[in-house]
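In what follows, chain A forms one complex with chain B and a second complex with chain C.
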Partner chain A sequence: MRRALVWMGVLGLLVAFQFAAGAVLSEYVIRVVSMCALNVMLAVALNLVNGTTGQFSIGHAGFMAVGAYAGAITSHALDGRLGASLGPVTLVIACAAGALAAGVAGVLVGAPSLRLRGDYLAIVTLGFGEIIRISIESIGVLGGSQGYPMGADSIPPYAGVGWMVGGAVLVTVLLWHLTYSSYGRALSAIREDEIAAEAAGIPTTRYKVLAFTVSAMATGLAGVLFAHDATGGQHIDPAGFNLNRSVDMLVMIIFGGLGSLSGAVLGGIFVAVSLEALREFQGYRLIAYALLLVGLMLLRPQGLLGTRELSVSMLKRLVPGRREGGA
Partner chain B sequence: MSPLPTRAAPLSRRLLPALVTLGAVYPTLLIVRGAVARPSVFLRNVLEGLSLGGVYALIALGYTMVYGVLGLINFAHSDVFMFGAYVGIFSAAFFGVLATSSEGAPAGVVFACLAASMLACAALGVTIERFAYRPIRKAPKLTPLVTAIGISMLLQNVAILVFGATPRGFPPIVKAEPLAFLGITITNIKLVDLGAALLMMVGLTLLVQKTRFGRAMRAISTNLEAARLMGVPIDRVIALTFGLGSALAGAGGILFGIDQPRVDPLSGVQPGLKAFVAAVLGGIGNIPGAMLGGLLIGLVEQLASAYLSSSFAPAIVFSILVVVLLVRPAGLLGKVTREKV
Partner chain C sequence: MTEALLTVDRVEMVFGGLRAVGGVSFSVKPRSIFGLIGPNGAGKTTVFNCITGVYTPTAGEITFQGRPIAGKPAYAIADAGVARTFQNIRLFGTMSVLENVLVANHRASKASFFDALLRTRHYDADEAAMREKAMELLAIFKLDDQAEERASSLPYGDQRRLEIARALMLNPKLLLLDEPAAGMNSAEAQVLQKQIVALRDRFDLAVLLVEHNMQVVMGVCEDLHVMDRGETIAEGTPAVVQSHPKVLEAYLGSSVRSGPWVTTEPSPETPAEVVLKVDDLRVNYGGIKAVKGISLEVRRGELVALLGANGAGKTTTLKAIARLLPWASGAVQFLGEDLAKREAHTLPGLGMALSPEGRAIFPNLSVRENLEMGAFTVSDRAKVARGMARAVGLFPRLGERLSQAGGTLSGGEQQMLAIARALMSEPRLLMLDEPSLGIAPVLVDQIFEALEKIRKEGMTVLLVEQNTRRALGAAQRAYVLVTGEVVLSGEAADLRDDPRVQSAYLGETHA
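Our next item is the complex of A and B:
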């Protein structure tokens, strides 16, 4: 009962945010918030595979592309019939379609490739990501390299900032519960020692495919919201889902600390905000970003938080003079 | 793999080869039909494919040698290749050959450009190894991989800043002329590329098999700690390996540039990825494997774009990567190693 009330409260806040944001916040702030929310979804989703389960995917942009295209096609088809007043319904159906399509892609990619480990898994996911992108590029109906939709058409911009933040909250909460359930413990066991986990009776292959599929679905959902983002271009093209996009996601969770869900949230926000803050320094900002990544690997390879979660006691230790317990 | 049978794996393992065979039959038939219909065109495609493959092989060698000594996928290698092409542009301009020139350059200028590019790339490779990879050589495997991705980003963005994002033409240091033999016409550039690549591969094989440095490299590749105990100067040999691999990428940059004269800061990515696929196909860490893999990948890409679909050809190359890794992760020439608990 109490839980239901909390959820209704959150929903109410999001709806209020969706409508009030335009009046209170500037367009620029809304755009940055939407971008943060998108990054949080992507980072949290990837963290389930790369962090919690200890596998290594650099092909998640492919799932984002599948979600974005499936969602955009769905809403494009529905929008004419339902009209703009039923926009939220269209968007929810598009989200379901995108997440489902990405989930199917996740099973198809994950089931054969998760038998591989480490470097090899990274390469196979990279290969699959490129295959998805090139396939989309060479399918004429999807607009090829020009992107979707073709001509003067555009994707309906139903995903306002409330939807983006809502998506981020939903993905984060769901994956938090998954990570700290018995399933999540099993996934961490696979990360720590796959052979020991298998000896302890965990069906490792099935669990890895499960984690991969859930992660792909969440990434697909992010893709749908990205395609419908009211502050975006209402247009998607295959080049937006290339290797660089996958690397971006990877950078977010590495900043935050692989295996830390709150770290992934922080990393996603950090990347969006720092890229935005450095926008004035055009040419230099990506160089700074790359240097930061290399520097982080040299000095603190476990990322900001390591595998720990952000907690009140951790914040307390940061406040000088009130140090509790050992370092 | 683990000794315990899992429930999902055996099924997919049994199904995979059948699916792969099914998927490969139709494209192969299409290629055979095209070859039978016009054998001379097929011969030209084979030659052009091998020529492209030779360049891929040169890049693939850098990936495979570094993987052999360090176990690291050097993502920055494709950007070293891009850098080599830029050095080629600038050194050709130094000798007065611009992208707009219509005349070729004397052989001396071609060799000077090649040498400049190889030296500059070797220096870049050694620098990257010294400052980015050496400090984290003992770190867990993920750290160097992420560092390599970071270095790749760094090189691309520095190139955008320094060279500009707009594509540049590559100067025609070798003048394109059609050659006719055996009933086919092919541009001399393809044959120059193929010949140069094969020569360098022979040279590298001699270097690796016959010199002290080559022996040291192979020793490290077999067992780094044992090599250290036998007195092999680990740091110096690893640095030289990076230098050698990067020099080959620089040469590849020139050869690729005279064939496809368009260079931009991100133009290394796609050839780099394909060369990487070639290294995996041949068995990563295996030097003859990289040569074979490179030639095969070039051939497959050329045939696929000639007889199937030119826009889909890269996807076919990556499908080969996926299939090889799933069916035979050690690659064509690689040794299958069993994991011990």
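Our next item is the complex of A and C:
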């Protein structure tokens, strides 16, 4: 019962935020907050596979694309019938459709390829990501490389900042539960030693597919919200889901510390904020960004938090400036 | 006649062209303690891996509680009630001690995936029950105080016990222990014997034991099955097996009958030049003082042993000398050179070779390539060829296996390879870390004989060993460490009969 109340409370806050944000915050700030929320979803989702389970996917942009297209097609079809007043309903259905589609893609990619290890899996997922992108480019109904939807149409912009932040909270809380549950322990055990995990009764292949599928669904959900982002362009195209997008996600979790969920949250926010902050470098923005990443990795190769989670005691230790590790 | 819990029926395992196990049959009764023994390379661990589903046997059947299990996935066999430990400890290193044990209870958990995802009350109750059970188990192994520590930070002996605790969390009917006494001294092995019997009684299970330590094997096993080169050579009670001529010949080697072999040669009267001089060396691991001011020296042509129980700081000292660990303070001179300013990778060039604990051979490279890697800094081809010939001369077994992958060698052969590799660069000082760890006595003999040969050729050796008798048999001088300090040092011949050496060990195990 208390849990239900907490969830209701969070939902209330998000709704209030959704409506109050427009009045209090500038459009620019809302845009940045939405981007942060999107990144958090992507990073937390990828961390489940690459961090917790110790597999290596660099094709998650593919799942994001599947989610975004499935969601956008769903809402495009529903919106005409339900109308703008039922926008939230349309969006929820679109989210479910996108997550489901991405989950199916996750099983299809994961089941055969998760028997492979390390770099092999990386190559398979890389291929998957590119196949999805190129397939979309060549499918006329989806708008090909022009993007979706075609012509003057647009995706209904129902995902306001409250929805974006809500999505990030939902994904983070659910995956936190999962990571710090008996299932999460089983996944970490696979990362640490697959043979010992099997000997402890963990069906490793099945659990890797499970983690991969859950991660794909969360990434798909992020894709749906991205497509409907009220501050975005209400238009998606395959180029938005290329290898760069996957690499971005990797940067977020490696920066935050592979295997640390709070690290993934911080990493997602960091990437969004630093790309914004570097805008004044204009044409040199990406060079500055790359230098920033190289610098951070030299200073803290294990990422911001390593494999640990953010905690009060960690913050206390930060204060006197004494810290182990580093270069 | 009770029905067998586990029946292994004519099991065969062939890798490539190598017949690792050729038709082995035995059965284990419920609540019995059964020993599977044999020299290195006999195929014991391969049989273990067939039983636990790591390998699918090429032929034969394995039955557990009346059901065939050969070829089933490892997790299903674990589920059915067959738990195991590993020869080279496999813990979930970055996870806590408690989490390690909890992983093994995951399949017994009643909470569904959605319970976990939504963190329902049902999940919380289930998790609390699991934790309680795990803590009880840890308390039995006196690991409950370290429940929240990283598993990889535990001392070696605790890691072994944690592996057993994790295996027991599966509620097994059969527990397979793969060399649980490896790396233990005699007193610790005695404690282990009692623990194995206590485990059987307390958890009502059968134990299948692979072990080299004969004291443990003969002390606890009710039935034995002896293998050599993949074949059964004897079976029966310890008394029967002990006096079986085939077993004596194949397994124990002639050296056991003629008693421990001891060199009687004293140190030369005129002291040779000092090769290695360690002065008040201190090493800390975080807050723990692992080495608390050790001073020692090794002279040219000497074999010096560094002795002590597990956790005494022997390996730490060796690694610190090789600059693989940072020093807190102190000084080390090697051939007159101050090592404080040196980096680890420059030391082989100076003539210092380290053969690390756990051997660290390159598993996917052939024996020949492994040896060539040892001569990486040598550009003189004639020298490499000479080193290769010497390696084969010292260890004929390596000569027979030059093109075999290093990882397919048995533990003892890998140790030989590690020593031979360290010698390839013709070092001025050879440092060996625990060359006898987990190796059959007959191979330990061969290794120590080779050491003796190397030393007679003029090599200087610093040997870390917990097998005191062996080491004192081979060395001229020795230092005995207890908790990071030298408590005793002197001529090996004097230390052999010194009761203080033994008390240094026993004192530590009871502390």
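The rule is simple: the second predicted complex is superposed on the first by the 312 of 327 C-alpha atoms of A that agree within 3 Å, B and C clash if a C-alpha of one lies under 4 Å from a C-alpha of the other, contacts with A are read in each partner's own complex, and residues count from 1 in each chain.
Heads up, the rule we're going with is that contacts are C-beta pairs under 8 Å (C-beta built on N, C-alpha and C of every residue); 3 or more make two chains touch, one makes a residue touch a chain.
Note that the structure is predicted; figures quoted are calculated from it, not measured.
*Asks:* Which partner does A:Ser274 contact after superposing on A: first (chain B), second (chain C), both, neither?
*Replies:* Neither chain B nor chain C is touched by A:Ser274.
*Asks:* Applying the touch criterion given at the start, work out whether A:Ala199 contacts chain B, chain C, both or neither, answering first, second, both or neither.
*Replies:* A:Ala199 contacts both chain B and chain C.
*Asks:* Would you sort A:Leu293 into first (chain B), second (chain C), both or neither based on which partner it touches?
*Replies:* Only chain B is touched by A:Leu293; chain C is not.
*Asks:* For A:Leu258, select first, second, both or neither according to whether it touches chain B, chain C, the two together, or no partner.
*Replies:* A:Leu258: touches chain B, not chain C.
*Asks:* Looking at A:Gln234, would you say it contacts chain B, chain C, both, or neither? Reply first, second, both or neither.
*Replies:* neither
*Asks:* Regarding the shared-chain residue A:Val124, is it in contact with chain B (first), chain C (second), both, or neither?
*Replies:* first
*Asks:* After the superposition on A, what does A:Gln146 contact: first (chain B), second (chain C), both or neither?
*Replies:* Once the two structures are laid over each other on A, A:Gln146 reaches no partner at all.
*Asks:* Quick one: chain B or chain C, who's touching more of chain A?
*Replies:* The partner with more contacted residues on chain A is B.
*Asks:* What is the shared patch of chain A, the residues that chain B and chain C both contact?
*Replies:* Looking at chain A, the two contact sets intersect at 195, 198-199, 203-204.
*Asks:* So in the complex, the part of chain A that touches chain C is made up of which residues?
*Replies:* Answer in residue numbers: 3, 174, 177-178, 181-186, 188-189, 192-193, 195-204, 210, 259, 307.
*Asks:* Would you pull the chain B residues touching chain A in the complex into a rising list?
*Replies:* 1-2, 4, 6-9, 12, 16, 71, 73, 132, 135-136, 139-147, 149-151, 153-154, 157-158, 160-161, 269, 273, 276-277, 280, 309, 311-312, 314-315, 318-319, 321-322, 325-326, 329, 341
*Asks:* Once bound in the complex, which stretches of chain A touch chain B?
*Replies:* Within the complex, chain A touches chain B at residues 56, 111-113, 115-116, 118-120, 122-124, 126-128, 130-131, 134-135, 137-138, 144, 194-195, 198-199, 203-206, 209, 243, 247, 250, 254, 258, 283-284, 286-287, 289-291, 293-294, 297-298, 301.
*Asks:* Looking at the complex, which residues from chain C come into contact with chain A?
*Replies:* Residues in contact with chain A: 52-54, 73-76, 78-79, 83-84, 86, 90-95, 99, 102-107, 109, 111, 113, 116-121, 123, 126-127, 130, 166-167, 169-170.
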